[in-house]
Each structure stands twice: as structure tokens, then as C-alpha cells.
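Note that the chains take the letters A, B and C in the order they are written out, and that residue 1 is the start of every chain.
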Amino acid sequence: MRHLMSPMDFTVQELEDLFDVANDIERNMDKYSHKCDGKILATCFYEPSTRTRLSFETAMLRLGGKTLGFADASNSSASKGESVADTIRVISCFADICAMRHPKEGAPMVAASKSLIPVINAGDGGHQHPTQTLTDLLTIRSLHGSLNNFTIGLCGDLKFGRTVHSLINALTRYEGINFIFISPQELRVPDYITEMLNSKNIPYREVIKLEDVIADLDFLYMTRVQKERFFNEEDYIRLKDFYILDKKKLDMAKSTMQVLHPLPRVNEISVEVDDDPRAAYFKQVQYGLYVRMALILTLLNMTDAHINDGLLRKF
Amino acid sequence: MRHLMSPMDFTVQELEDLFDVANDIERNMDKYSHKCDGKILATCFYEPSTRTRLSFETAMLRLGGKTLGFADASNSSASKGESVADTIRVISCFADICAMRHPKEGAPMVAASKSLIPVINAGDGGHQHPTQTLTDLLTIRSLHGSLNNFTIGLCGDLKFGRTVHSLINALTRYEGINFIFISPQELRVPDYITEMLNSKNIPYREVIKLEDVIADLDFLYMTRVQKERFFNEEDYIRLKDFYILDKKKLDMAKSTMQVLHPLPRVNEISVEVDDDPRAAYFKQVQYGLYVRMALILTLLNMTDAHINDGLLRKF
Amino acid sequence: MRHLMSPMDFTVQELEDLFDVANDIERNMDKYSHKCDGKILATCFYEPSTRTRLSFETAMLRLGGKTLGFADASNSSASKGESVADTIRVISCFADICAMRHPKEGAPMVAASKSLIPVINAGDGGHQHPTQTLTDLLTIRSLHGSLNNFTIGLCGDLKFGRTVHSLINALTRYEGINFIFISPQELRVPDYITEMLNSKNIPYREVIKLEDVIADLDFLYMTRVQKERFFNEEDYIRLKDFYILDKKKLDMAKSTMQVLHPLPRVNEISVEVDDDPRAAYFKQVQYGLYVRMALILTLLNMTDAHINDGLLRKF
């Protein structure tokens, strides 16, 4: 039995297989609408995350299955002091697969070690959120045709942004990727990331202003810059507009550049950008659904091997 | 694509069609039990309302579909600052139709303007609650045979009661309706309503005591009178019993009068009234289910045209 | 129409029939996967209890049905002052069967008296939790072969433990059962229980230390001992280890003894015990699912009579 704790749990080839299934779902949704008839997904969310929870639930429902669970620890046995290990043993009696979100790093890993059903880490504190990374990878692969040879700018809070670190990490397994990190000094990407890139001879640049590099990008991955992360108010006021994507900045970008965002967005992308064909962040939500459908099928061993093979020959 | 924001979004003829479908569902529930197989309803409730939420969910489940969503803003991305416009774009990737309740007036309208799926306003602050009005209209039409020619008494808090204003408004499109407003001075129906009725030459009376008019009514629409709405304690004590329907008052009413209430009821209808055949407020809940089923089918363009035609010929 | 308020609502024979259905579900799950197609279970939980709620929901989903409801009173109409009697009348319009948990004793009974659909008491305050008792009985019957002739030790807080009192009560209807009550003086089983046992000439012993009797037991039913239930800190420190089941104590037990626990467990059973074949508390969760499936079928009159007959001949 297999779980998903980190995006790196899958080899590059396994990810290709997963994404092939996801793209087949995209093209032939109806074919998959009864694959999980009679199956149950448990969503065990020890902290609320509506978008992620609903994405998992939709994935199971669109596969013909059913869902149950909790959206919030206050309604769970956790409030009576039950351990995650015990909860998953109980959930194993109810469901066929479980998506777990937990404020504590490593909690889904503990659950997986005791579980009788596959467990998907749906976010554990500041640690991992692997299905967001799978979503990002599938979106890039689908829009770009492959996961090799492009320039990606990651913009905003690169210090605390879990999804950004995880995406950089995952992309280091592909060829010809050029990173540009766009952030204020205070919110630079951590040293362990730049050291890792140096050690692998992967090219990257660090800049302060989005305008200086936007013309070079194939993908722009936006994240939120929170006021409280700055050392002082003056810095925030001086810098904040550098990290807001508006029509004016977008005019400087390639016509083929794609804008990504893990959502929720607050004001770091102006709503005037939404109608631009390069705004891909709502497409990304759609890919997030497809990849979760593919993941559920994969972990339940319900993918159709010959479809994978057929698709693999193409790539 | 069509949304439901206000009961007046539908013409009188469209409402007749909708109610015909609802009455066909009432008679032939089984015929509809797979109409929405594979469809998903999202219930996005930014403030809790169990009855309304469960009525929508039941409607979709009884049509063969599935549901997901949130019952409370605290569990939603709204708590992270996401706009309603962004949330509905995300929900559009997950569901086929959305019922939205929001404490802010106009929020469902904003959502509808960005949505890729039909949006039903399930209540926006003190503004609109159109499916309650559709429920009231269907109940009256079903029990009375048509929406014309009857005397309706509206009793209780007529000043703040959203459902009462909406129902009066909706009824002004029909013929031969006689309104009697029964309320304390402090909680009279607002002037804009009486002015509107005057301008349309629609007859109405305003009285203080239910006993004075109950014998004249074909329908009695009860609402709650909250103590905190009175100017002073003495007025409340002096007046409150005028607005409690008990067996004694009901004895003065016609044998064919029907008692409606949007629920929840607190003490404005004595429980001794529940077993009287004229107590129609739980039937109203049932009609609320049928009308929501019909509405989902209508907004998804899944009504069976010839059934409508057939029924229409009858009326 | 029939409800379940207390485990004693069913005769011994009716329980045998119910457990026969449960065991048939255990052996032939697939046969039951569409029995409740088109049926809806409402879970009305006025206080949270995730395990119980999910067990009921799983039961209905595994029977092919659907679920709706609320997990918490704060999201329900109760917060607007609606009575349980009114809520169940409304729920009767939506669902085919209802599982209700309520902090107030007797609330499910009030609901049942007004309901148009079967109501299952899913726990009412400190009063009854009948499906836990049915779970315990089915587990014992399944593991022991019958509900007669065994020695059961009940260990921990025997004063306040609702499940313990209910189980003792239910077991007095069977033959050859020997009770051993293992608790600190402060948390002894209440007098009304020992008086009841005396009046029925049912043998029991009361001891302080688990070690003194564990070798005699066929079943050990563990419960939590909460620090705040002790008169003083010294007593708690002196006594608490007597009521923690670990490998060392388990080594003194029969190889066939079975350990039960209503869960959630905090630290009264060491996790080192979990892998022992005698640890039956997660099996118990599984039996809890089967018995709830059987109960739903029974209350909806959907059990297959000849299967019951067939099975009954065996016992």
C-alpha cells in the first residue's frame, strides 16, 4: 500500500504516469465517472482549508465515489485527546482512502504508519502540501507541453511560502529550468534552497523588482506578501507595489507567459488581470482537481495500465 | 446561463412553469430520482442556516446528484481574505450549480457575475431570500389551486421581516389578492410597501389585533415578534399575546384557512395548533423541497419540456 | 414505525436477528451495497462526536444511501431557539431515517414522538448511547460465539461511564455471565447497579487492582480514568497505574482474552498492546459499523426475512 506524504515520493516516471492519467481525465471525464463507485474518501481536516477539502471531495465525487469526514478539529475526537494514530485506525474501518490536513508537521506521516488505507498528506503545518505541488507541476506540463526548458519567476514571499519551496524542489528533477526569485530582501528564498541549487548547478537569479525580469519569464508564480512579514512599515510601503501584478506590468511580459498562483489571492494580482489569456490561476484549480482524481485512482491501484502505456509512448 | 437572485427574476409564466414541475415532482417523485445523476451542488453558506442548507442538499440528493460545500464562513477561504468573486470561480471548477448564503446584501449577485455555473441566492442579509418566497408561492398555489383571489393576513413583525416583504412584492403580480397587515404600531409594514400597493390599487388593511380579522382570512402568514424590537417592556407585555396563534384564536377562523410560517417558530404558534388540519407550516417545508428540486432542474436546463407543456394546458 | 432509544427496546430475540444481519453484512458486504439506494440518513448532532457520526454515515453510504445533517448545534436552527420537536418535523421532510445526538437526556425521545421517520438515539447526555451497547454486544457475540457463559472485567471509571452501565444492563438478559468490577473506591459502580445484580442473583466481584483478576477474564472492557474524578492528587498518583493496561499486565491474561474499549482511548491502554492479537478495540469499531448497517436496515424494514431465518437456524 502506498501513501503520498511529499511530492518527491513519486519518481519522475511515476509523476509522468500520474499526469498522463490526469490529462486523460481532462479529455475524457465521462470515462472516469464510475471508476470509484462504492468507494469512500475520508477528509480529515484538523485545520480548515475549504479549497483543498472541496477539491479532494469533488475529485472523489466526480469518480463516482462518496465522501465523509470533518472540516475542523473542534468537531473531531482529537478534542477528546485521541491520537492521530488511533483516529486513522478508526477511519480505516470506514473509508477506502484518506486525505489528512494537520497543523503539526509529520502528523500525516504518523497516520500513514498506522493506517490500513492510503493516506494523502493534504498539508501539514509549514512542512508539505504535496497535492499543491502536483497541481503546479501538472499545470506547467499541460500548458508548456513538458516539465523541461523554461524560465520561471517566483514572486512575493519566498521565505515563508511552503508551496514555493516545494515547487522549486520538485522542479530540480527536470532539465533546462531557469529560476528567477523576485522578493524583498526580508523575504528572500532561504539559503538551504540556493545552496541546493548551487550544488546541482541549476541557474537562478535573485531580484527585487518584478518589472526588471517579467519580460524573460515563461511562467510567473505569484504569492502573497503579508504586511506583518516586513521589518518596518516604511519598507512595506516602499516595496509592496513591486509585488502586485497589474495590467501595466503584464504588458511587459511575453504573450505566451502564464501566471500561476496557489490561491487564495488577496490583492497581489489585480482583478483586471483575470480576463487576460495569460491568467492561468483558475485553470490551475481545474488541474488541481484532475491531479487529485488521478492520485486517488493511482493510490487505489485503479488506473488503467494500457491507457498509461499508450499515453507514455506519446511523450 | 441563468441565476436566481430575486423571486422577480422569473416572469409570472416562468413561475407557473416552475411550479408545474414542482407539482409534478410532488406526484411522481420516483420519475425524478436520477435526473441529476453525476451532478454536484455546492452549498456555500457564509452564515449558518441549517434548514435552508439541508433543503437544498435534500433537493439535489433526491434528484440523484451529490453535494459539497461549507456550512459556515469560519471554515471557508473567506477567513483568509478571499473575495466572493474568486471563491465562485473556484467553486465553478468543482460543482455544476451553487446555492450561496451570505450576510452581505448583494454578495450572491457579485458571485453570479463571475460564475461559470448557475448561482442561487439562498439569502443575502436582510435583502432577499428568493427560495423562501418561491416556497410560499408554491404552497399557496398548491393549497388554493391558483395564486389569484384570496385574502392573506400577514401577522407579527412586518417591519424587519424579509420574507414578508418579498412575499407581498411577489403577490402583487397576481389578481384579486387582499392583504391584511396585523402588527403592533412599532412593527408596521414599511411605507414603501404601502405606497407601492397604493400606486397599484391593491387593497390592504392594517390592524393591531389578529382576533379582529382572523375570520376573514384564507391564509394566515405568521412571523415571530421579538421582544427586543419593541420600544419598551410595557408595550411588549401589553401586545405580545395578540401575535400568538393558539387554539382559541384559530376557532374563530374559517375551516379552510391555512396557516403558514417560514420557520423556525419559537412561541408565536402554540404547539396545540400543530395537529389542526389548517396548520400548513410543515407542508410548506415539503413544498420548499419540491420547489428547490424544480429550480435546480430549471437552472440546469433539465426540465422535461413536454411535461411542462402538458401541465400548462391544464391550468 | 420503530425507533431506537435504548438497547432494551429490542427483545433478546430481536437482538439476535439484528446481530445475524450484522454478521451476514460482515461476510457478504457486497450483497448489501445497494440495499438503501435512494435513501437518505440525517445525522443531527447537537454536540460533536466524530466517531459516532462517521460510523453512522459510513453505514448509510456502504448501504448505497446518502447522508446530510449537522455536526454541531452552533450551525443548526437550535441556535435560533427551535425545539427538537420542530426540527425533527422538518428533518422528516428531508430524510428517511435520523440519527440524533443531543446533550440533553430525553431529547431524542421527544424527537421520536413527533417524527415521521425512524429516529436512532446516538447518545443523549449521560443517559443512553444504545448503538455503543449494540456494538459491544455484537463484538462479544462475534468473538465468543454467543452472549452466554463468560467472565467480563469492567475496568476504570465505573461510576460515571455511561457505556459501562448500559452494557452491564444489557448483559443481565443473558445466562452464565460473571462480572468483575475493577475500579478505585471513588469510581465504584453505582449502588443501583449492584442492587439490580443482587436482585437477579447475578454474580459479581469488586476489586481495586486489575492484576488481581486479569487471569480470570474472557473479556476485559477498559475505560478511561480521568484525573479530575479523584478526590485528591495523591490518590490519583497512587492508583492510576492499576488502570493502565500494558504488556506486563497482559502477560498475566488468558491467551483467549479479548480487550475491548469504547474509544477514544487516551493512555489507559499502552500502544504496545495494539499489536497483541487480544487487542479487539479496533475490531470493535468495525462491528460498530456492521451493527449500524443492520440497524438502519431493520428500522427501515429492509432486512431480508429469509436470510434472518436461515441464519437463525444456525444459532
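Note that in this section a contact is a pair of C-beta atoms (placed from the backbone, for glycine too) under 8 Å apart; a residue touches a chain by one contact, two chains touch by 3 or more.
According to UniProt, the chain labels map to these proteins: A, B, C = Aspartate carbamoyltransferase.
Since we're looking at a predicted model, the values are computed, not measured.
Looking at the partners of chain B and chain C together, the chains they share are A.
Per the C-alpha superposition, chain A sits rotated 120 degrees relative to chain B, a value rounded to a multiple of 5.
Work out the mean CA point of chain A and of chain C, and you get 41 Å between them. Touching two or more other chains at once are residues 66 of chain A. Contact residues on chain C toward chain B in their complex (touch as defined above): 38, 40, 42, 66, 68-70, 74-77, 79-82, 85-86, 89-95. Partner chain A is touched in their complex by these residues of chain C: 33, 48, 50-51, 54-55, 57-58, 61-62, 66-67, 71-72, 263-266, 271, 282, 285-286, 288-289.
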